[in-house]
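Next up, some structures in structure tokens.
Shared between the two complexes below is chain A, which pairs with chain B and chain C, respectively.
For the complex of A and B:
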């Protein structure tokens, strides 16, 4: 190894030098985890299962009903029934419960951390079930906290179930007829151009990483950030202009036409009936 | 700042959907009606930019880094209304495709991160850049700082009012459990001290670069009176959450008698239709089990109604 390279490394973190290029690594991590979700997200979409066999629009409406059923559940019994519904739905759709749990885990961990003070007597007074270091975990606190965590978990579970069993394009197509066509077209475009702009961002970050031998100073690093984001901003506006011209040249006049979905079958109606039944029950019990 | 599902009560979620739907609807009508073809790609790709800018980590003093939200820069470049739509698209995509932020809380998240931050960011920038015409990056930094902190404040208020408006019969919270005295400092202080400065720094760096490169960010449109009305309504909508008692105009005769001292003669004569099963039960249902059974039957009829509506709607789709 040449001596100058060793010297440069030795200077890393010295006075005026930015400690590392960790921000580039983090940027690449963010992009790669996003890409992983995009390409790996709907891994059960191709399987034969209950949710997969339903018309995407029906799947979305039904899952929304169940999410709202979980949101409305005011008692432990109603929430348990909704959790049971989620597990049955996952099994019938060929999704392993452990896989679903893995998807829900970040929401459960985040909520558990936020909710944890509720377990203690200084937030929820009541009968103590555990005492340590002058603090007490109360029965009432446990009931309140576990109920909120379970609700967040099951709501996240239904969303995860929808995403695991529905490809991104099916999901967006399924929303046609539910929200104005202009938004669906815009969502499609946002999704598509997010991938294109992310590729530019990834190339920039990789180019910097592959050309950087040692850490640079903070000012240069911030300058790199500004030039890359500024460049992507310019590219955003110029791409929008190009896309507009392309659309106009192909006859786009501003009117959105959507493709017809497939005909609804008995199974679709049964699913809507069952999920709306669960929603109404949950609202009243 | 993305509020997940389960933190806000359905009542709050509906209020924010009700507040945001006119905004989205008006924006979509505007694009379709006036055939401003140019707007659509700009809004959509602007949403993509908002998504991408969140992926970049900004190096900050001390060797650490943080990522920005980018709502102020999007609003400054696209204008406030286009900013609202572009940011709503990015937030919707995050919720629908990546489960980042809830589905039930989508209206509230769009209100906080698209509506409030877009308008506050844009107008703070416009006002300050008029005063500090030579120091636009500084104006952008203040605008971004204000936008992210106002969004955080709005989210903290939404979370903090949950114990007041949604609790069980025994008074225990069912959704976000902490009061305003906890949620406001918990959300606002980190934004004032860390996330706000990161957002301000990132926005200033971008504005300085694009200004140097001869691509001066500037909002595109002035606020029109109709939009101003709409904005005011949307901002005032959540105030309804603080009101207690029966909705205005939905009083029973007893409540009217208590409020004004008498029941108008014409109203006294009308008994009104109580429905097939008032309060989802029947007079002969004497115990809890019978009432619950009747409720289940009402639910079955209700869901049958939903199926019929979907069936008819399906027929209409195919026409």
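For the complex of A and C:
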């Protein structure tokens, strides 16, 4: 046994205070926030609400109709009606409007930045309401911009409502029949193994963090990350092989058999009727 | 009996089966038979070829050389299709060592339903079967949970349940006690004991206490990937030289005062030698 290993306290290998690696810390933060979204994503799925009580496929189709209704809404009145519908739907499903707004906020901010030129006279000429540094914000520009932002907001709101009230398994079940079963399984497995590989990446980052004392430079951290990506890629291939064998072992021959969805109830038909009516109205108004 | 003749209750017959990964051997020249209702432990050191042998027995990888027969019909690798394919997949199930590769469905319920659905059972029949199995195994509480969110012990239970749902005659278990807490180990032992004489078990394991308790016969793989022994478990477990040679247990010497002890160590230790 080496002599240094027998010493009660290992001699310090060098000078320098403990310093964490920003790159590794950031990687860990990103992984954990992704995991949080995955595991807490459908936090309202277990509640007793309107959307939760619908057959998953009906929920998906209905929300899809509403997203389209929002996209087709050409007038402020029809858009307001769709927004009102979204709020009522959220409340009946036990989702707080503030929570929904929080989910929608990134889409609103992103859209506002992207379309910001629309507010100004050089893109939308009209009567100026505000002038600064030789540029003017026009009334017409404001109307167009707010309309676009509201439309994106309500579309994102419906999508968020679906994701908040639908567990991952229900979401996949709902998609069955709408797209071939083999795609659903591929989608689920992609998601499933992304999680496994993310955990591997997280463990690697934690292992490095636990052995990092005085920190390393960014280039070293990035080099280390590149080797980990290679390792994870290799692991992905071997995992995929094993999964295929596990599926074959249980009778998979390339054609995926799955359950039929549950029988539709009156509430399901009403929801589809209402949402398709909203879509027709929105397209016509 | 004439060599090569099929026994009345013979399930598997392997004659000179070998498997190579490229030029590296993983399984070398294995010959043995398996009869209905037997409980066989395949024991060997890490990398001795236990998992590969199970994959060959489940017809997931074809042997590079040799013959393997199932119920008198020769299995020829990729030709496992049609009637034989269906009969084989209905009869033989494999629990992988790593449950994460085996659990690929959105919920535990779907996981258990996967096998029966692939075999063409009706939806109602599958639902009844899965509900009964969940209840029998005491895991009904996990029914709607996604498998990735389970603990490792729960994952193992679900993996075992997922193959039992097919109601196979032969169960191939690869390191079934890995990652199981003591309570889950007892659960597994009781399950295997409860299915005694109803199912044929071939279990690859390091856990020699499991061999002693649950397998009447043991096949020992040596580090050269060949078969070192095949016989009654009790006799195999008493053969310390064989277990040492196959690197399943190891010996360790230490001193207590003036006495030097030599112990064999491993999952199944024998503290019988003092010098």
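Heads up, the rule we're going with is that the second predicted complex is superposed on the first by the 262 of 285 C-alpha atoms of A that agree within 3 Å, B and C clash if a C-alpha of one lies under 4 Å from a C-alpha of the other, contacts with A are read in each partner's own complex, and residues count from 1 in each chain.
Just so we're on the same page, a residue touches a chain if its C-beta (ideal position, glycine included) is under 8 Å from a C-beta of that chain, and two chains touch if they have at least 3 such contacts.
On a predicted model such as this, the values are computed, not experimentally measured, just so you know.
Colleague: Given the touch rule stated above, what does A:74 touch, chain B (first), chain C (second), both, or neither?
Modeller: In the superposition, A:74 touches chain B alone.
Colleague: For A:250, decide between first (touching chain B), second (touching chain C), both and neither.
Modeller: A:250 sits against chain C, while chain B stays out of touch.
Colleague: Where does A:111 make contact in the superposed view: on chain B (first), on chain C (second), on both, or on neither?
Modeller: Only chain B is touched by A:111; chain C is not.
Colleague: First (chain B), second (chain C), both or neither: which does A:169 touch?
Modeller: second
Colleague: Tell me which partner A:185 touches in the superposition: chain B (first), chain C (second), both or neither.
Modeller: Both partners, chain B and chain C.
Colleague: Going by the contact rule set out at the top, does A:232 touch chain B (first), chain C (second), both, or neither?
Modeller: In the superposed model, A:232 contacts chain B only, not chain C.
Colleague: Of chain B and chain C, which one contacts the greater number of residues in chain A?
Modeller: B
Colleague: For chain A, which residues lie in the overlap of the chain B contacts and the chain C contacts?
Modeller: In chain A, positions 168, 185, 188-189, 192, 196, 239, 243, 247-248, 252-253, 256, 260 sit in both the chain B and chain C interfaces.
Colleague: Sort out for me which residues of chain A touch chain C in the complex.
Modeller: Within the complex, chain A contacts chain C at residues 39, 168-169, 172-173, 185, 188-189, 192, 195-196, 239, 242-243, 245-253, 256-260.
Colleague: What residues on chain C touch chain A, complex-wise?
Modeller: 55, 58, 60-61, 81, 85-86, 89-90, 93-94, 96, 98, 100-102, 104-107, 110, 113-115, 117-120, 123, 126-127, 144, 146, 148-149, 162-163, 166
Colleague: Residues of chain A touching chain B in their complex?
Modeller: Within the complex, chain A touches chain B at residues 13, 18-20, 22-24, 26-27, 30-31, 34, 37-38, 41, 58, 61, 64, 67-68, 70-72, 74, 103, 107, 110-111, 115, 118, 123-124, 140, 143-145, 147-148, 151-152, 155-156, 159-160, 163, 168, 171, 175, 177, 180, 182-183, 185-194, 196-198, 201, 218, 221-223, 225-230, 232-234, 236-237, 239-241, 243-244, 247-248, 252-256, 260-261, 263-264, 269, 272-274, 276-277, 279-281, 284-285.
Colleague: Using the touch rule from the top, collect the residues of chain B that touch chain A in their complex.
Modeller: 4-7, 9-10, 13, 24-25, 28, 31-32, 34-38, 40-49, 51-59, 61, 63-65, 67, 73, 77, 85, 89-90, 92-93, 96-99, 102-104, 168, 172-178, 201-202, 205-206, 208-210, 213, 215, 280, 292, 295-296, 298-300, 302-304, 306-307, 310-311, 313-314, 317-318
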